[in-house]
Amino acid sequence: MFWRMITKTLVRQKSKMMMIAFTVVLGVSLSTAMMNVMLGVGDKVNRELKVYGANITVRHKDAALMSDLYGLEGRGVNDKFLHEEDVLKLKSIFWGFNILDFAPILEGRAMMGSADVAVIGTWPEKHAVLPTGEELDTGLKSLRRWWEVSGEWLNEGGNDGVMIGHLLASENGIKAGDTITLTAGGRAMTFRVAGIFNDGGSSDSKILMTLPAAQELLGLHGRVSSIEVSALTTPDNDLARKAAQDPRSLSPDEYETWYCTAYVSAICHQIQEVIRDGVAKPVRQVAESEGTILSKTTLLMILITILSSIGSALAISNLITASVIERSQELGLLKALGAYNWQIVLLVLAEVMITGIAGGVIGYFMGIGFAQIIGQTVFGSYIEIARMVILIVAVILFFVTVIGSIPAIRYLMALKPTEVLHGK
Amino acid sequence: MASRTRKGSRLRMYFRMLSGSLIRRASRLVIAVLAIAIGATILSGLVTIYYDIPEQLGREFRSYGANLIVLPRGEAKITRETLRALRELVGEGRIVGLAPYRYQTVKINEQPYIIAGTDLEEARNNSPFWYIEGSWGDSQDTSQVLVGHEIAGTLGLKLGDTFTVQGVKYGESAEASRQDLSAEENQKRDLARQNFHTKLTVRGIVSTGGAEEGFIFADIDMLDDLIGDTFRADVIECSIAANAAELSELSAEIERIIPELQPRAVRRLTQSQDIVLGKLQALVLLVTVVVLIITMISVYTTMTAMVAERRREIALKKALGAENKLVMSELLGEGVMLGFTGGALGVFLGFEFALRVSLNVFGRGINFQWALIPATIAVFIIITVAASIIPVRRVMDIHPAIVLKGE
Amino acid sequence: MPQKILELSNVSKIYGNLKALSDINLSVNAGDWLSIMGPSGSGKTTMINIIGCMDTPSTGSVILDGTDISRETAGNLTRIRRDKIGLIFQQFHLISYLTALENVMVAQYYHSMPDEEEAMEALAKVGLAERAGHLPAQLSGGEQQRVCIARALINSPSILLGDEPTGNLDEENERVVVDIFRRLHSEGVTIIIVTHDPEVGDVAQRKIILEHGRITQDIDQTPIIRT
């Protein structure tokens, strides 16, 4: 009889139960969407922050950083190089998957007419096949997304092309399409200017060319001076800071945790393991700031998620209260017919629960839809669905329906059957 | 009854009915007010946060360091007056950090190094990403300096170590060491009037993973004293809370008003900040919209459930001869009152929430959009009235006869 | 010659296949006290809906106080109802959040102008002057019905229309209410009461009995009242 009454209520009170179910759908979809977005936002924002360029640089361990400040570099000062064939090994490290972009850089100086200019050789847009068979696209273009280029970007095969910084170009009256001749160490090479770039920084007076061209010009075959690496990292914590000082100071357990977390120091450590004579250093300007922005964004999303979850929880429990009170007459009748309080309470709870579960399931899937809409619109990629959300939402929903029924149940307890039947 | 046709008494009765309904049904109306208040809290809270995001997060992006580099035009240097003028032009409110730099070549152990003289406090504001082993210097004891990690390695300097710097005073030319003189004689010459030398102590070691690791950072006034010159800066690094468009506007203004300066925005930071901040703002906007739609609907459904129980009462009023518009006006009045109370309550809760979020996330207060107060209240009055009237409209069509017997 | 206040001619009401009323002819004079009786489903409620301007007949005409209400729009019916009809319900239907006095004033408000003194007088007439400030929940069933009567009378309607007015009352309260009707009748108020309680039906001046939508008996009970 109990079930018969429940099914009858659900069927006959369709519109009211639909309303509760509808609100549950809305509430659950909101919470699901928000939680999934919240859990995914770190990864998404992290990827967005890659527009700031490399957060790790790798150099030869004896190469003096100072040289490029003094403007004193040249043969003899900066003669320590990395090997080009090591560059692709970056993808083979433990956190290789987190390395999104990288580019080797070969710096040197050459004469353009009578002027001494800095030249940079790099991979503009490299397509490479790893020994594992994995294919990848990387290069400096994705590490310089803030560049404003008039003309064209260098292409990978165009060893006879260069790009010129806009300051240098305007000083010398060079336009895209012009040809220039560079000499270094007795070698002279002629290049076509593919484009003029505006970096807004020190590169604006430099010349960019492909790595093979630079190696040829400078006579440094197979050599690179540094590698710029853009990696997805986890914001530093105390463990990471301790490890950054000296990994050997960690206990074996700590070392394990550190090594297997994408801290920038752990990634640097692993890079050093594969690049001969290389020293990988985090570019603190990018690495640190990423951490700040990420943690702020995540915290913001957490707080918004909490607010909206509380909001939907209250809305659901509120509606349940409202609709149960509305049905007080019918429930009062049951009481007049001799139902015990607990029987009515059980009835109400069962109805609400069934409605809640139905609404919750629909809401969950709608929520995933919402999350994907947000992911697609804002970040242009799918947000990964966290299974954990199902559990959290289910637990919240359970308590919300029970708590929402409490005022209604108390109201029912206090209700005198006669009052109800006299239509007050 | 027709003899007394004072308009006031009808109005009084209207309010008497309204207040009776609102006060004596209080326990049930709490639910409605609560629902509206939740909605209004979410609306005002989220919208406030949304409006403040560019400002708040924009400041967080300043952790990437200086986004505007100001150089002197031509060979001139930047004077203290120009620095002050720049500071005024930019406006204190937008400046996160504004540090002048003077680069001076000095000799340590007969090797050339560069001391960067700056305002260490401003440099710290500019570059929160610097990792300092030890501590930042202060203007109290200016012989305490920061050295780059690279230099510390080369010179084998540790915290608290002392080293001597030597150099040629401003405006004097160095005489080259002469091969034919003994080391002692050379040293004597170095100590002569046109030269300077002083002892500095390592207070902190700077790691950045960038060029800064090859500098010594000292107080600019100390450096000026040392080389016997007045304030002359080579460059000013500014960290300004502004987006790319605002910065280029500011640059143009600086060039116009202080023609001896040449401002250059750091594209890497300004462009990237615009991209990322744009995405984040879009994220919060979308989230806000989704949350708001859902909240509005749930406020509406709750109100609908509340009103449905009054079918019978409405039918009775009709049976007593009430015209539809009179019944409507009563529901409207109630809706306005409920929407107002819940909306007003919610607005302040929402502001409180936004403030707490801002304090927690950004460690700063928040700018309230005062226009949100009437807007939120209006929105919820509309929702409440719509939720009260739309479901009742159907009841309007039902015969008042439902009050008779049964049902 | 007493004035005709209500005249039903050839009134039928058809709901789908069901003929709730068929070919009713009835006229009521001002000051009459009529009770309508009959078993469930005999058409009593349909009849009161039509007389009370809450429904219109499918065919036939209804003249209420000189106006034909059988073809009026819902809006006009509302206006006519509040001017000519005072309704009393089995379930009382007082507005729960208004006091007894305010419940009476609601009827004034919808009719024309609320007047507290007049409403107070009306309550005094049904013996509830000292209960004026109470909410319905604080009143007994009999008291609630008396508030209902005061409300029905406040606008001096042409007809006092009762739908099982004693259906929810105990014997004692029933007697109080019937006494009020009797007094109102002596004051010249036209009363039409639908009931299936013979004790209430029998005190009326005239009694009609409905069966299957037709008037089967029309009994003048004037002598009974006098005794």
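Labels for the chains are A, B and C, by order of writing; each one numbers its residues from 1.
Basically, a contact is a pair of C-beta atoms (placed from the backbone, for glycine too) under 8 Å apart; a residue touches a chain by one contact, two chains touch by 3 or more.
Since the model is a prediction, treat every value here as computed from it, not as a measurement.
Counting C-beta pairs in contact across A-B and across B-C gives the higher total for A-B. Of all chains, the one whose mean C-alpha position sits at the greatest distance from that of subunit C is A. Ranked by how close its mean Cα position lies to the mean of all protein Cα atoms, the top chain is B. Subunit C has its Cα centroid 75 Å from the Cα centroid of subunit A. Subunit A and subunit B have Cα centroids lying 22 Å from one another. Measuring from the averaged C-alpha position of subunit B to that of subunit C gives a distance of 71 Å. In subunit C, the residues that reach two or more other chains under the touch definition are 91, 93, 96. Among all residues of subunit B, those that touch two or more other chains are 312. Within subunit A, the positions touching two or more other chains are listed as 423.
By the touch criterion given at the top, residues 28, 31-32, 34-35, 38-39, 41-42, 45-46, 49, 57, 60-61, 63-65, 112-114, 127-131, 150-151, 154, 207-211, 213-215, 264-272, 275-276, 279-280, 282-284, 286-287, 290-291, 294-295, 297-299, 301-302, 304-306, 308-309, 312, 353, 357, 360-362 of subunit B touch subunit A in their complex. By the touch rule above, subunit B contacts subunit C in their complex via residues 1-2, 4-6, 9-10, 12-14, 16-17, 20-21, 23-25, 312-313, 316-324, 326, 399-401, 403-405.
Per the touch definition, subunit C reaches subunit B in the complex via residues 45, 48-49, 52, 54-55, 75, 78-79, 81-83, 85, 87, 89-91, 93, 95-99, 102, 105-115, 118, 135, 151, 154-155, 163-164. Residue ranges of subunit A in contact with subunit B, taken from their complex: 16, 19, 22-23, 26-27, 29-30, 33-34, 37, 41, 45, 48-49, 51-53, 56-57, 64-66, 68-70, 145-148, 198-201, 281-289, 292-293, 296-297, 299-301, 303-304, 307-308, 311-312, 314-316, 318-319, 321-323, 325-326, 370, 373-374, 377-379, 407, 423.
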